[in-house]
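When the chains are written out, they are named A, B and C in that same order, and each has its own residue count from 1.
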Amino acid sequence: MTNIDRDRIMTPRTWPMISVVAALLAVTQAGAQMRWSPTVVVDPEGPWTGRRLADHQPDVQGVWSNDIANHDNFTDPQGGIPGDPSKGLHVANGAVDRPVKPRSERAPSRVSDPADGEVPFQPWARAKQQEFLANFFNPTKQEYIEPGAHCAPAGVPKSLYWHGYEIRQYPGIVLFLFNGGTRIIYLDSRPHLPSTIKLWNADSRGHWEGNTLVVDVSNNNAKARFGRTGEFASENVHVVEHYTFAAGHYTYKAVFTDPYVYTRPFTVTIPAHRITESTPQDGWHNEQEWANQPPGKPPLYENYERVCVENNHGHGAVVASGKPAENTAPVSTK
Amino acid sequence: MTAKSMTTGDSPGPAWSCICLVVVLFAASAAAAEAPHATRLTGIARAADGRPDLSGIWQVISTADFDLEPHSTRKDAPPGAGVIEGDSIPYLPSAMKQRQANFAARDKLDPRLQCFTLGVPRDNYYPEPFQILQRPRDLTLIYEFGNSVRTIHTNGTLHPAGDNPEFWLGDSRGSWEGDTLVVDVTDFTDKTWLDRAGNFHSDALHVIERWTPLDRDHLEYRATLEDPKVFTRPWTLSVILYRLKDKNIQLIENYCYTLDYDRYYPFPGEGLPSGAP
Amino acid sequence: MSVKPLSFIAAAILSLSATVSAWAHHAFAAEYDADKPFELTGILTKVEWVNPHSWIYVDVRAPDGKVTNWQFEFGAPNALVRRGLHKSDLPIGGQVHVKGYLAKSGQAVGNATSVTLPDGRNLYTGSSGTGAPGEQ
């Protein structure tokens, strides 16, 4: 996405539509640069004209990933984590500090409504979000360690901007396979699980409207938070999701309602693109491995097993016992 | 197919036998044309490509996970006649010592106690449901315990080449022999047990599974295990899987490994109000 | 620590092409202290080749003779293999020299950036950056 019309660059307050054809060309050829593109592609709702499965579902199977950044920052996705001490050439593991663009040139907030791009927290909830963020780089309590560090699933909606994932479909079922987590979306009329059952990846019931999968999400244990900036919901949250598909791209728009935490419902918008055999592996969006095909067969990606194992040691400044640590320096030997 | 005519006075027996034989032979040849390797089952779910459709939610009733071998009652296990062919698993002498040590400390060492991935074959006879979702190119198995996800590739691909990965669930490549799904599983870690009694394997484990529908609601699951570091020869276990038919049956996400810390999230104490508005 | 600029840039370029999957689960700076580098030598006692990061366990003998078993975090197995590091390169009982950064918890845990193997090769072992995709 190197050629962007100036008048189409997103500001935090505008959500222009980009032609889907241009978007398709861009997303399949420029995945790496796209991560840092400020433009959000929004697919229009409408009829589905592509391939269908035997039960008439639009066929959207394959590997997908979010267009923009990651889970570092929910409302300023390309802004990094506020307070990150990692700076400059001296940062660990060879990472090179890169100049961060001004806010107006970064991608807009994932909160597309209200217009200010902020989660409409009640004051007590805003304080809890700020508390998590303030303690993120020096976590002295378990609650300040992001649950993903313990291999917990990423939940709703964070799973959609935490690594690439796969969609598989079956009669009456859409299955999301995340890197550490699944969502089975039943398309029949069965009721949700009883409300006392709370799950990391919630409980989902959906149906297709043209090119859009509409999903009702409840039974959310709300433990995963929305990202490293600490936004969250309560286990009372109710989410209605719209996944609007084009051939190589889709737009996720979801309304989050939780009167215990927010002053009003708000909308989350996340664009995503299809990963194909032309997409380079990058260990984030594309974690596929090359299948071992018999001679004469074309190259094919496949997903390896995703099992997360943590070794029961402390994270941050918290030791395995759950208590903060007393720092002791090791003895260096040569 | 017309019946052979009978002339008056012929005894019915041999003539009817002849007709029946012809009918049976014709039916058998018709069946063989569709499934050349085995007699084709009727009354089972089939996919559009004619293969058995194993989709559904399944669970064993047997005591296999308590102990694969025949055993009397124990404080921590009901009695069981065993699910293996033969009376005991053929351990190498050195491996038998390890097995006995595992058994003695099973209340601490069983990886299920930490909600680690149970692996193959144990996930298939653990007493908690799993769901099979079948497409032509693969079967996806979601095991409720720990929410483990396993893909059995049925698209002709081979095990990974080069450096052997170590998978908790192994690498599974399957193909159909008649109405039996035959799955070759390799590339294991050594971290899983085969049951609660401490039966175990090494990273050299190789499993051949055979999944065969018996009727619409029952599958036979057979697994032949070989592991030259642990066993003296291959051996086979066999269990019956039952389709769960409770109303609105679905898996319920079970991330038991989060139970040690989930009380801290999103934050503990009086933080969040609960209950529907 | 002194770092030759060219080799550091080479390391940065190398890390560009490496996977960042390990840092998806936790941010480096939330668990390890970039101001507390370490270098330790010891004998391998265990190797865990697992996701999201592999671990090696090393008995390190302090000058006073006390032996501490350290845990060092490496990248994900696929990432290591792409860099030429295989589990078989880390035999139990072999001597390794590890460089990296200490855990904030004060436990005998470190994030390894490089390892010198028993066969003498020196390889990078970590993942790059803080987990943001496309970091340059």
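Basically, a contact is a pair of C-beta atoms (placed from the backbone, for glycine too) under 8 Å apart; a residue touches a chain by one contact, two chains touch by 3 or more.
If you're wondering where the values come from, they're calculated on a predicted model, not measured in any experiment.
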item: Top chain pair, ranked by number of contacting C-beta pairs; value: A-C
item: Chain closest to the middle [Cα centroid of all protein chains]; value: A
item: Distance-maximising chain from chain C - centres being C-alpha averages; value: B
item: Geometric centre distance via CA averages, chain C-chain A, whole Å; value: 28
item: Centre-of-Cα separation between chain C and chain B, whole angstrom; value: 39
item: Cα-centroid distance, chain A relative to chain B, in whole angstrom; value: 34
item: Residues of chain A whose C-beta touches two or more other chains; value: 151, 289, 304, 306-307, 309
item: Residue numbers of chain C (touch at least two other chains); value: 50, 78
item: Where chain B touches two or more other chains, by residue; value: 165
item: Chain C-facing residues of chain A, complex; value: 32-33, 35-36, 69-70, 72, 80-81, 84-86, 89-96, 98, 136-139, 145-146, 148-149, 151, 162-163, 179, 228, 281-285, 287, 289, 304, 306-309, 311, 313-320, 325-334
item: Chain B to chain C touching residues, read off their complex; value: 163, 165-166, 189
item: Of all residues in chain C, those that touch chain A in their complex; value: 8, 11-12, 14-15, 18-21, 24-32, 34, 36, 38-42, 48, 50-52, 55, 60-63, 68, 70-71, 76, 78-79, 100-111, 113, 124, 126-136
item: Chain C residues within the chain B interface of the complex; value: 49-50, 77-78, 81, 86-87
item: Contact footprint of chain B on chain A as seen in their complex; value: 54, 128, 132, 141-143, 147, 150-153, 168, 170, 173, 175, 177, 181-182, 184, 186, 190-191, 193, 195, 197, 199-201, 221-225, 232, 234-236, 259-261, 289, 291-294, 297, 300, 302-307, 309
